[in-house]
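Sharing a structure below in structure tokens format, with a few things to ask.
Chains: A, B and C, in written order; residue numbering restarts at 1 for each.
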């Protein structure tokens, strides 16, 4: 059933595969990190807009959220990619990918942030107001520092989802992990071995990310106890 | 005693939560240096009244003046518009509030809780703020805990810190919203002791409380509220011992049966 | 050509592709619901081997991208003589993926039923199976409804990934039509709008469920 000669050939090529996939993994991590930063910054702004007292700001944020959460991210990437070329902006594919994943991620994270702010007891804001803080000051000094800790699991989950979603950038020829894998398959036809390696690498990356996030959360709890 | 302008002037205060009328027309003056206790059954509106004074609750109708300044609203010509956030914050800085659930900031140490206001709202120098805080900690008997975190403290300790935090802003008025109701009985005394000291130093205080003997010994005026109205108002002796109003008497009787 | 004319020219093909997308999502959901149940049962079973297998399944499918899973089902399985059509492969891959998430949702739902209920039922002499059927499951069902709804919405969106193994869905149709009309931006915006029309009502429904389950 299995072609053993092909398997042998595959094992010979293992170092080559790992090298190429390793480069792809670096691109994947870079893409994930960059998109994560964009998503956090933009998502934070969105969350503040949703909590603002201005109906206009709340509406804009809600519409943005609804649209981005009900359209597949692949479609969003294509729209962004072609939309940018229409407007005359020529970005390298990876740039468009960072923006696309960042914009989409902002929608997801804004909900995480908004929910974590709402877990903070109203009494905290009231205490802050009672010592003469404006809403902005109360948010910055009292609510957000507490909300941030609550938001960490949500942010970690998002990061892991983002890592996996970057595989879609392969459709735009971004040289990340999945793209490299497809390239290798068309080059050597070692489908099984390569896709096996691909799965293992993604698994390793996402498990490492989970572990690191859990450790960070635990460390923050310990710091507080001192 | 000369009748100067009252520190707090409440005129025609109505408050509805949806269909529920919680305050049905309150008129009240508080002179500088007075200690006023608000007593009454649950749902009488006393906490809502207190929270309207520093505008944590927005009145449905009526005006509240702190030191002759209208709080929460501004007069534009003859119309009243909501007050801006900065102005409201400024007015609130002059009013201290102590909450039933303490509401200390858990992510900050005891000292940091107290200096936060002076530092970030009044822009005082850090050294000055810390000196003030240590002074207050000593006053409430919590100097030893200056670097502790709220979750490490008992309820009574937390509440004393909360009082210190409010005093750090040097308010002209202190509001106490059932400050001892959430405390274990053996911890109530240490908090009441601090409140008593404060009263003796001449602070203007409005106290919502269930501690009747405390209210009787500390107050200049006791206000008995029920169903959103002031039923009776007068010196402690009148309310607690010599009331001629049946509603008041039955409440006092019921409370003292414990 | 404006959007109006574009829609006129393409709507037949797009609606057909949308129907295919719906079928794909529905099929994957059914597979996910069934396989997810099996995995959840294995996860909660008393056999440590079954538990470990279930955990392994969940970690594997949640730790790797759906796209990679589709590749493996579509391309890799041919080596052992199994050849699915791209549509079948997409449905199976997405279904197995959803199963991992659904298994955890089932587990959370079962664990969220207050233990006191089970104890009370046992105390009046109810046999274990009846406790499960009449006390635990109805409540667990109400709890999982909203999260399952969310999985369904995700599935609808994830069908777009199937286009990357050339399964005949909306996105693939969009790619083809872009080559015909040379208006990729407008076409993908149109497709985006179609996805929105499919997903948004579901989102509203799930939100209603979430609000109701809070009371």
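By definition in this document, a contact is a pair of C-beta atoms (placed from the backbone, for glycine too) under 8 Å apart; a residue touches a chain by one contact, two chains touch by 3 or more.
For clarity, every value in this text was computed on a predicted model and none was experimentally measured.
> Please list the single chain whose C-alpha centre lies closest to the global protein C-alpha centre.
Per-chain C-alpha centroids compared to the overall one single out A.
> Find the chain most remote from subunit C, comparing centres computed as mean CA coordinates.
B
> Whole-Å distance, subunit A centre to subunit C centre, using C-alpha means?
Chain centroid spacing, subunit A to subunit C, equals 21 Å.
> Centre to centre, by mean C-alpha position, how many angstrom separate subunit B and subunit C?
Each chain reduced to its C-alpha mean, subunit B and subunit C end up 55 Å apart.
> State, to the nearest whole Å, the distance from the C-alpha centre of subunit A to the C-alpha centre of subunit B.
Spacing between the chain centres: roughly 47 Å.
> Can you name the residues of subunit C that touch subunit A in the complex?
Within the complex, subunit C touches subunit A at residues 59-60, 62-68, 71-72, 75-76, 78-81, 153, 157-161, 163-164, 171, 174, 184-185, 188-189, 191-192, 195-196, 199-200, 203.
> Please output the residues of subunit B touching subunit A within their complex, sorted ascending.
My answer: residues 54, 56, 85-86, 89-90, 92-97, 99, 101, 103-107, 116-117, 120-122, 149, 162, 165-166, 168-169.
> Hey, which residues of subunit A end up touching subunit B in the complex?
121, 123-124, 126-137, 141-142, 145-146, 149, 224-225
> Show me the residue ranges of subunit A that touch subunit C in the complex, using the header's touch definition.
Result: residues 1-3, 66-67, 69-76, 78-79, 82-83, 86, 164-165, 167-168, 170-171, 178, 182, 185, 191-192, 195-196, 198-199, 202-203, 206-207 of subunit A touch subunit C.
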